[in-house]
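What follows is a group of structures, each given as structure tokens.
Across the two complexes that follow, chain A remains constant while its partner is chain B and subsequently chain C.
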Partner chain A sequence: MAQSPTVLLMGHPNVGKSALFNRLAGASISESNYAGTTVEYTESQLALDDGTVPVVDVPGTFSLEPTDRAEAVAVEFLEDASDPIVVCVVDATRIERGLNLVLELLDRGHRAVVALNMWDEARQQGVDVDVEALSDLLGVPVVPTVATEGVGVDDLRSTLDRARPSSLSGIIDRLPPGVDGDLEGSVEGDDPAARWELVDAVVESAVTYRETAPSLADHLGRLTVAPKTGLPFAVAVLYGMWAFFTAVAGFFTDGYFVPLFDDHWLPWIQSVFPGEGGWLYFLLVGDPAATNSFEAFGVLTSGLFVAVGVVLPAILALYLVLALLEDSGYMARLAVLLDAAFHRIGLHGYAIVPMVLSFGCNVPGVAATRTLETDKQRFLTMTLLSVFIPCGAQLGVMLSLIPQYTGYILLYLLAGFFVFGAIINRLVPGSSPEVAVDIPPLRRPRPSNVSTKLSLRIRGFMTSAVPFVLAGVGVVNLLYLGGVVDWLATVLGPVLSGWFGVPSETVPALIAGFMRKDLAIAQLSAIPMTPFQTVMSVVMVSIYFPCVATFAMLIKEGRTGGGVLRVVGGALATLVAALFLWGGLLRLGGTLLGVA
Partner chain B sequence: MDETRATHAGESAGESSADGQGCPKRRQCQRGRACKRLVDLECGETGRIECVDCERRTLESMGVRPGKRIEVCTKHPFDGPVVVSVGRSTVSLSRSHARQLDVVTD
Partner chain C sequence: MRFDDAYFGLLGVAVGLAGLLAVARGVGLAIPDPQSTLAVVSVSGTFLLWRGIVLLSAGVFYFQGATEGLANPAMQARVFMASVMVWIVAGADLLGRLLGAVPGDSEVWVAGSGEVLAAMGPPYSPAVLAAPFALAALAYRSREGSP
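Right, the complex of A and B next:
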């Protein structure tokens, strides 16, 4: 064959495919302890003795009959690849269901190698696999691996050229006498029950289970998922995460960056930048008399300060807690605890995953909706999170400017998430199927993985978000110079003050909000407003439009989630309704309480 | 041995009558005292899965399949999910799943 065959890493969700991929290809993509981390495929090159071959980390799938978008990607991959080498990754602690997928793959005639991953955990849990017997039975190479430690990865690499197809009837013939001898020939074709019988027969002759006492992690795992113990624990965990986030973000921003920027950088650049009063000065430095880096509003003053001084420490802290949540396996437990609540809005607990990721950044949050089953659920989640979930960058700026209100604003937005969720659920046709969710064991997060993940995300922030913040400041300043801001302020003034009770000076912030929410909030700080007006305008900026990056992602995902027009149109309709109703309600409340 | 055979026979019958009315074996099953719907089991109760009738493909590929031992870990209030452990895995099933799963209790 002229073209070198592709190596596909396939297997159930959360068995360590991405970990293995990183080891095999020397890549660093996200590994997390919950199903649905990988919704997009990643391709890399795998170095073999005789050149390199492409290797692909395929999203996890429970079977070859996909039930959601991420699984569909996996199956399409398998069907489109020409004669691929399939590395079937099996969680050795749950070898039975893994073998079921292996047999399904073999039945379709694919060349395969089996990686028995989580070998370390299998040992501890008393699952003993006779690798040689298993390999002889299946007729394909079987390699035990511990992907996180790199154990067995070299063996796996060197067995790739021994990948071969194997027929199920051949496996039946090789079964030792006495093990379910009446299986003959009944397995060919697509009969799942017969396939399971073959799995049982294979397991009977190659696997032994020893009784082991449940570990501490097992006990904790159970307690955290039971309502009586789990709910108080969840409240404590979420509050602890919030406290950590606010404390760390504040520590770096107020302790280091505010003095650095306000006392040194701002006065210095104000004095050395030539051409005060000119347009370039206005664009890059902003207000020559400003004494604080939020208010100067030039690309090199506020832009840099917001991006590096405020948002960077905030998202660093936030991503750290998110990484712990992802890697410990606690996320799936939260999903179970919140399942009943999410059912009220047509979703299920697993919608917590896109929601939690959105707190880091809405973009991966929208992508993560691929693990939801129906277009309706995807639309609901995408829309709600892009309208109501403030991203880490925005929260960081809020914490720096209005720390005393940030928590309440967040709660108000979350309430909006559920209220509007319930409404959209009634209005949008489509089904919300019930799901079964696999709960991973609790694991201790590995520092190396957490730090890889952090550096990946920070690099992503530096390359994709920072330019947007700087450009956002530039665009707003250019619109100022062009008179557009004043014109818009006159046009929108009546609505802003009439309906929301905020001054028309908030217009530049609303414009900035198209680019970056964090920038929009920063912009608000320069406007003299009452505390209630500040809260009101922050809520407005949060709801009123997703930032460009999220909007682009909505368009992209809309294509596979029920049509771009439907998704984007529906999202826009929702946000307009949410802005006026949820914003108006806040003002009404404020008026009734006498604070507006 | 005979029992597993019977289970599988019942199961493939279930496939053709995919009407969501519960397990085809339910009627005959209810006569025996020990056979219950999963949703009627208490926390901590154990048994053997008799019949899975709901989206059986998905559940079975997760390892929740006839003949396997099952234990109810927790049941969540307000019609929330039922968390079970089957083999070495822990799976959270929605109530409607739990209604369509028959278990012979110990």
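Right, the complex of A and C next:
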């Protein structure tokens, strides 16, 4: 063996590479039941009998001719490592396409071991693989594994030192007579068609398929993607997700954090913090006379309250449901179901993930755009959702203020999402590649993986988003101190009342919307208005500025999504356009109908 | 006719009608809440229209399953999915009540068991009432190996 050769786990997306990595390295990284979750790679140490070697969970790749970012990363790994041991992870239920990648790897002269993962599901589906025959044919070790249960992982570890290269012509020679057809020696080089023929020949001699009746999960899976049955089911799931979110987030925020912050933390810090009246006091504590944590506006009062009391419970509830939906394989089905609609605005079905999250809280929604392929798609999604998707707190207040109109407001905002999406899609340069959404099977979610995923994401949120939210509150306070906010209020007042026909008293509410949009909507209820003006101003607050937490996230994610200036500037431009056009259109409609 | 055909056919009619009522009240038709005549049921609350749509579709799926014949595994799956939809709506309802009641008033951190029990008591939404009957669909699952 060479000086600690790197072990690379390679294979198609969603075949269980991360699960296998966790088992091999004793790590816990998140596994997802949908393709394309691992764009970043993870490296760890693998303990062998004679010391440890580095092991890498390489992003999924369909072939060695990369077509997207994740695949390019995968191929780079292969080229940069010196004589790596490649563990080619194959989904045994889809053995053909896996073997195609195996052959491609062997053809390039890499030392390989094949892990036939999902062995349990293959058995259930009547896929019988003659492991010995396959191993003899390929000329490399083949180990059946069930990564989620740890079955076969020890075998795999102990065969690593038997990894070896193998040539395609050798494989052809070893094919049993009768199946080699007209392959003789024709598969050298990069000829995909010939390689597929060889795959067929290998499968023919080592794999048999038994007829099995489709299981209940198979039937259910089909029902969830057929529009007639799938759409009502999707409504049920989304409603359930929202209801779970409001129950859990309300439990923590209204049940515990509001009293905790308002009755204990706020009075305490107001009384012990030195220098009342000074700028530092204003910045960190805010209004000394405030009686609730929202109105205080200090970094340690409102900032901490928003970050910990409001957003954290929201994240907990949402990420839990999301992890369950992902692991069960339902999220990918929802993506397939909605793919056509999203295609019209240059996105694909997976944009549903950030969108669904945003209905709870825009902060994780913006973070979730990381899974989208191109900068353009990320920009589109971030902008559209921070402008048009009201968060759970907003929805809640809307429902209590104007329950009879909430449904229509939602539809109006969703229509805006798609109309502006289509427009921005035309205006913004960049590509929006099609992805073949690969539908994974429906599975029962595994608690251990759900909890790993949940704790990873929450930890990520605490360390990366919370500081941004606190900083955001600080910046707003500085703007207040500098008089910028008052200036904006005087300047914008006439514009808003002129264009939208709402009283200028709504301006402070709009500014409050920067902290928490739901409370802005609540403030609106105190202003006497006609029903239309109420609807109008609620729509405005919804479209209008994302809250400070979302704004902070836009800045944070913008750094990796095409540049902060581009993302935030573009989002602001969209926002202003949307506010004036989409809000103005509503007023026009109201005027025409004679209700404004 | 198999027993389960009749059972889910009837359940489908009941759930579907409840869904229809919720949809009608959800879009604002002036139909009284059944609570006025039948104290244990109440068709009201947030997102009534959407919950109505879910129940109505679940009712239709049950009914389709029953009329096409539940000897067919594809129809069993349809009935199973309808049950999942009923459970989602019912579960969301009960969870909301429970978590809404537990923090109690501003005086206490955890409400007394009496108050929590009162919050969990009747009237119930049609989904909650249908949820136990929907459990029968689990029978289609146990006949298989683990999925």
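By our rule, the second predicted complex is superposed on the first by the 380 of 596 C-alpha atoms of A that agree within 3 Å, B and C clash if a C-alpha of one lies under 4 Å from a C-alpha of the other, contacts with A are read in each partner's own complex, and residues count from 1 in each chain.
What we mean here is this: a contact is a pair of C-beta atoms (placed from the backbone, for glycine too) under 8 Å apart; a residue touches a chain by one contact, two chains touch by 3 or more.
Please read all numbers here as calculations on a predicted model, not as lab measurements.
The superposition on chain A brings chain B alongside chain C with room for both. In the superposed model, A:Glu197 lies in contact with chain B only, and not with chain C. Applying the stated contact rule after C-alpha superposition, one finds that A:Pro214 touches chain C and leaves chain B untouched.
When both complexes are overlaid on chain A, the residue A:Gln125 reaches chain B alone and has no touch with chain C. Contact with neither chain B nor chain C is seen for A:Tyr408 once the two complexes are overlaid on the shared chain.
When the shared chain is aligned, chain B comes close enough to touch A:Glu96, but chain C does not. When the shared chain is aligned, chain C comes close enough to touch A:Val237, but chain B does not.
By the touch criterion stated above, A:Ser63 is placed in contact with chain B alone, chain C being left untouched. Of the two partner chains placed around the shared chain by superposition, chain B is the only one that A:Gly349 touches, whereas chain C remains out of contact. Our summary of the superposed model lists a minimum C-alpha distance of 13 Å between chain B and chain C.
Residues 222 of chain A lie in contact with chain B in one complex and with chain C in the other. Those residues of chain C that touch chain A in the shared complex are 28, 46-47, 49-51, 53-54, 57-58, 61, 73-74, 76-78, 80-81, 84-85, 88-89, 91-93, 95-96, 98-100, 102-103, 106, 109, 140-141, 144-147.
Considering their complex, residues 4, 8, 11-12, 43, 54-65, 73-74, 76-81, 83, 87-97 of chain B touch chain A.
In the complex of the two chains, the chain A residues touching chain C come out as 124, 213-217, 219-220, 222-224, 229, 232-233, 235-237, 239-240, 242-244, 246-248, 250-251, 254-256, 259, 263, 399, 403-404, 407, 442-444. Note for the complex: chain A touches chain B at residues 12, 62-63, 65, 67, 93-94, 96-97, 100-101, 125, 127, 191-193, 196-197, 221-222, 225-227, 230, 332, 335-337, 339-340, 343, 348-349, 433-439, 441.
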